[in-house]
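First subunit A sits with subunit B, and in the next complex the same chain sits with subunit C.
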Partner chain A sequence: MDSALIPNGVRRCSLGKFLVSLSIVGAVLLWGVYAMFLCWFKGLNQTNMNDYYGFALWIWADLAVIALGGGAFFSGFLKYLVGKDELKHIINYAVLIGFICYSSALLILAIDIGQPLRGWFIFWHANVHSMLTEVAFCLSCYFAVLTIEYIPLILENRQINRFPLFHHLAHNMHEVMAVFAATGAFLSFFHQGSLGGVAGVLFGRPFAYREGLFIWPWTFFLFTWSAAAYGPCFTLLITKITEAVTGKKLVKDNVIELLAKISGWMMTTYIIAKIIDTLYWANVTAPSRGFNLMDFYSNNSFYGIWILIAEIVIGGVIPAIILITPNGRKNPAARTVAIILAVIGVCINRWVMVLQVMAVPVMSFDQWALYYPSWQEVATTILPVAYGVILIMISYRYLPIFPQEAELNPIES
Partner chain B sequence: MKNEHDHTSTKKFGMVINLDLCTGCGSCMVACMSENNVPFKEDESDKLRSITWMKVYKLTNKRPFPETDICYLPRPCQHCEGHDGHSPCVSVCPATATDYDMNTGIVSQIYTRCFGCRYCMGACPYHARYFNWFDPVWPEGMEKYLNPNVSPRMRGIVEKCSFCYHRYQAAKDKAHLEGRKEIEEGEYQTACTQACPAGAITFGDLNNPDHAVYSLKKDPHAFRLLEKLGTNPKVYYVSSKEWVRKAGDNYLENERPAWK
Partner chain C sequence: MFPFNFEWIWDTSHMVFMGGLWYALTILGLGMTWCVIKAILDTNKGGGGHDSGYH
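What follows is the complex of A and B.
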């Protein structure tokens, strides 16, 4: 029924099957939307946050999706500025995933503020000293860039592309995409970094605080670096999931392996920097404020030293080693394990830099505070996931997201 | 945050709290809530959502009987100066909804500008900032007893101790009407200071040698909370007990506190 909208040379499931799948994910989306309206109309008392946990699940989700969405800017940087032309076969999907991640982050932020109608104050009454101000400006601008990068894809839909205006517009936008890729890389450097700075500048919180370069704490650079390193892994992971769901090979192995290799080397350099940062923090920064490393990982029922090991070794060193080794990244099973571990690793890093910062007592007579999210927080965090799945389903069905799909999956007449 | 006035004439309001005198009665907390229209809920059992601009902590020396000792420590906002007014919370607020006043040393909170991101709460190591998780609702008839000089806060924003700033404004107005440029020490006192039955809290201008706090802060047993972090707070504590002074900051094993 909708075959006229489906790209040439590829096969899609029946419209009925598509709509049933869409409605299942849509039901999850509606659950999240219901929770979102509860938070907007009844206030943040719908959450399990409290005065010790002003930042909680939502801020973690924000930081995590922005790090994972880093695949968009870094892939764009590699393709358009470094000249890795093979990546043109996966760049569309990286842009789509980035678009989903960043729009999700903005939505979560809109739910997370106590007075949503005053959200624009962050631009109007901007405090130039605040890392969050920098985040807001760069995030919004980069989302605009991602939208510009996503538009040509929409214009390439078979029916839309029939109109000469849209056809030429899409073509011309592709021609100047390097400019937007460069702008996106520039903006991403700052907002990924300032998200790291959000925790790093907290000199009242010895667990988070880091020294740095000029006004930027080391976490500024580590967050940018880690987003560039781990973001492509998320692009690869979602590609793998999409291939599993559709039952098709969508991107050639040489493209996957190239991105995996670059990601692996970025991860290797990042994790070395992260280990140096951790050692300096544990031996110099924290002790100068009266804290031993183990003060941050003991006397509570959840945050043990295991979380540091899980983040750095299991989610950093191991996937990095697998991906920089030719045999490792060429082996599909090992590669998949590596990208899953990497995604978990960067998510743990963002969790620690938000949730554990809040949990650790600073005053000697204070106590650890632990937290678990309410169902409304969980539902509103799953909401963007459902939204992302829906956008991927629609985009995959009607847009030529994967340029190699027709070649890899020829239709037998 | 630019200082447009002569530094020598600027004030730096602060407190000195004598912990040897504090009995932990909580009068300061009650007076603060009443004076500042601090909202409360029907069920206040979840203390992590209770708004207490002034909060009294109970400290123990963690020693077994008969060496057990306790101390009560009232904790208002510390009105940190940080480095040149970059207190932990002021520097992070993205909408400039909290500010460090170079003329008084008071950290303000602009309720109508705060949009509730709660970054300042995460930045404050003293947990002196509170979020309005609920709409403020007072028992019927109690609205008539609210302080008309302090605006109640709405749901979804952060609030904290203001050193009863409205009292400072009132004292300045009175002085102006009487043709005076300066206010007397007794004309501006916080509600908690006046309510303390033991006289444990002293409030005044830390820069003014005529004010009691000026000399009290120099007590050899005076200390501030978490000085090592560089927050540069303006609330001083005095205790004759070494374990209490040590509890004011974090020390490594075998580390010798600076005041020793």
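What follows is the complex of A and C.
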């Protein structure tokens, strides 16, 4: 029934099967939307946030999706500015994943601020001394960049592309995409960094506080670096999942291996910097404020030294070694393990920099403050996942997301 | 926030933050304006519009 909308040269499942799948994910989406409206109409008392946890599950989800969505800006930077032309075969999907991640981040923020109708205050009554203001500016502008990068994909739908105006518009947008990609890379550098900077400047929180360069704590640079290193892994992971679900090879191995190799080297340099940062913090910064390393990893039921090892060794060193080794990244199983570990690693990093920061006792009379999200927080955090799945399903079905799909999966007549 | 708003102060923070925001928005706005105007001109010249699905 909708075959006229499906790109030429590719095969899709029947409309009925597609709609059934869509409605299953749609049910999860509706659950999240219900929780979202509860938060908006009844207020933030629907959450388990409190005086200890002004930042909670939502902010972790925000930071995690922004880091994972970093694959869009870094792939764009590599393709349009560095000239890695092979990446044109995966850049569409990286843009789509980035668009989903950043729109999800903005949606979560719209719930988190409690008063979404006053969301514009941050632009009009900006506190220019706050790193979060800079995050809000860059996040919004970069979302605009991703929208601009996503529009040509929509315009390339078979039926839309028949209209000369839309055809020319898509063509012209491709022509100047390097300008938008450069703007996106500039904006991403600053908002990824400032998200890390927010933790690093908390001088009253010795778990997060770092020294740095001028006004920027080391976490500023580590967050930008980690987003560039781990973001492409998320793009590769979602590509792998899409290939598994569709049962098709969608991107050639040389493209996957190139992105895995770049990601691996970025990860290697990042993890070396992260280890140096951790050693300096554990031996100099924290002791200068009256803490030793194990104060942050003991006397509580959850945060042990295991989380540091999971973040740096299991989610950093191991995937980096696999991806920089030719045999490791050429082996599909090893590569998949590496990108899964990497995605988990960066999520743990964002978790500890948001939630463990809040949990660690600071004053001598303080106790560890552990936190459990309410079901409304969980539902609204799953909501963007369902939204992302739906947008990928619709985009994959109707838009030419994977330029190599027709070649890799010829239709036998 | 604009310089004519009562909250505005002519200091480095305001100029860097708000200048950066308006600079980025200007690039995006001008870029899109150029794309749309050129698309209209190209359409008026004739041609274009096909059923490829892939670029």
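To be clear about the criterion, the second predicted complex is superposed on the first by the 413 of 413 C-alpha atoms of A that agree within 3 Å, B and C clash if a C-alpha of one lies under 4 Å from a C-alpha of the other, contacts with A are read in each partner's own complex, and residues count from 1 in each chain.
The rule we apply is simple: a contact is a pair of C-beta atoms (placed from the backbone, for glycine too) under 8 Å apart; a residue touches a chain by one contact, two chains touch by 3 or more.
Computed from a predicted structure; not experimentally measured.
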**Request:** Name the contact category of A:G43: first (subunit B only), second (subunit C only), both, or neither.
**Result:** first
**Prompt:** In the superposed arrangement, does A:F55 touch subunit B (first), subunit C (second), both or neither?
**Reply:** first
**Request:** State whether A:T133 touches subunit B only (first), subunit C only (second), both chains, or neither.
**Result:** both
**Message:** Applying the document's definition of touch, where does A:R158 land relative to subunit B and subunit C: first, second, both, or neither?
**Reply:** second
**Message:** Contact-wise, after the overlay, does A:V176 reach subunit B, subunit C, both or neither (first, second, both, neither)?
**Reply:** second
**Prompt:** Where does A:N327 make contact in the superposed view: on subunit B (first), on subunit C (second), on both, or on neither?
**Reply:** neither
**Request:** Pick one for A:V145: touches subunit B only (first), subunit C only (second), both, or neither.
**Result:** second
**Prompt:** After lining up the shared chain so the two structures overlap, which partner does A:S301 touch, if you call subunit B first and subunit C second: first, second, both or neither?
**Reply:** neither
**Request:** Please work out whether A:M358 is in contact with subunit B alone, subunit C alone, both, or neither, and reply first, second, both or neither.
**Result:** first
**Asked** Which subunit A residues lie in the overlap of the subunit B contact set and the subunit C contact set?
**Response** 124-126, 129, 133
**In the complex, subunit B residues that touch subunit A** = 46, 48-50, 57, 59, 73, 82, 86, 88, 91-97, 113-119, 121-127, 129-135, 154-158, 225-226, 228-231, 246-253, 255
**subunit C-touching residues of subunit A, taken from the complex the two chains share** = 7-9, 123-126, 128-129, 133-134, 137-138, 141, 144-145, 148, 156-158, 161-176, 179-180, 183, 186-187, 190, 400, 403, 406
**Asked** Along subunit A, where are the residues that touch subunit B in the complex?
**Response** 43-45, 49-55, 112-116, 118-119, 121-122, 124-127, 129-133, 136, 198, 201-206, 287-292, 295, 357-358, 362-366, 369
**Asked** What does subunit C use to touch subunit A in their complex?
**Response** 1, 5, 7, 13-14, 16-18, 20-21, 24-25, 27-28, 31-32, 34-36, 38-40, 42-43, 46-55
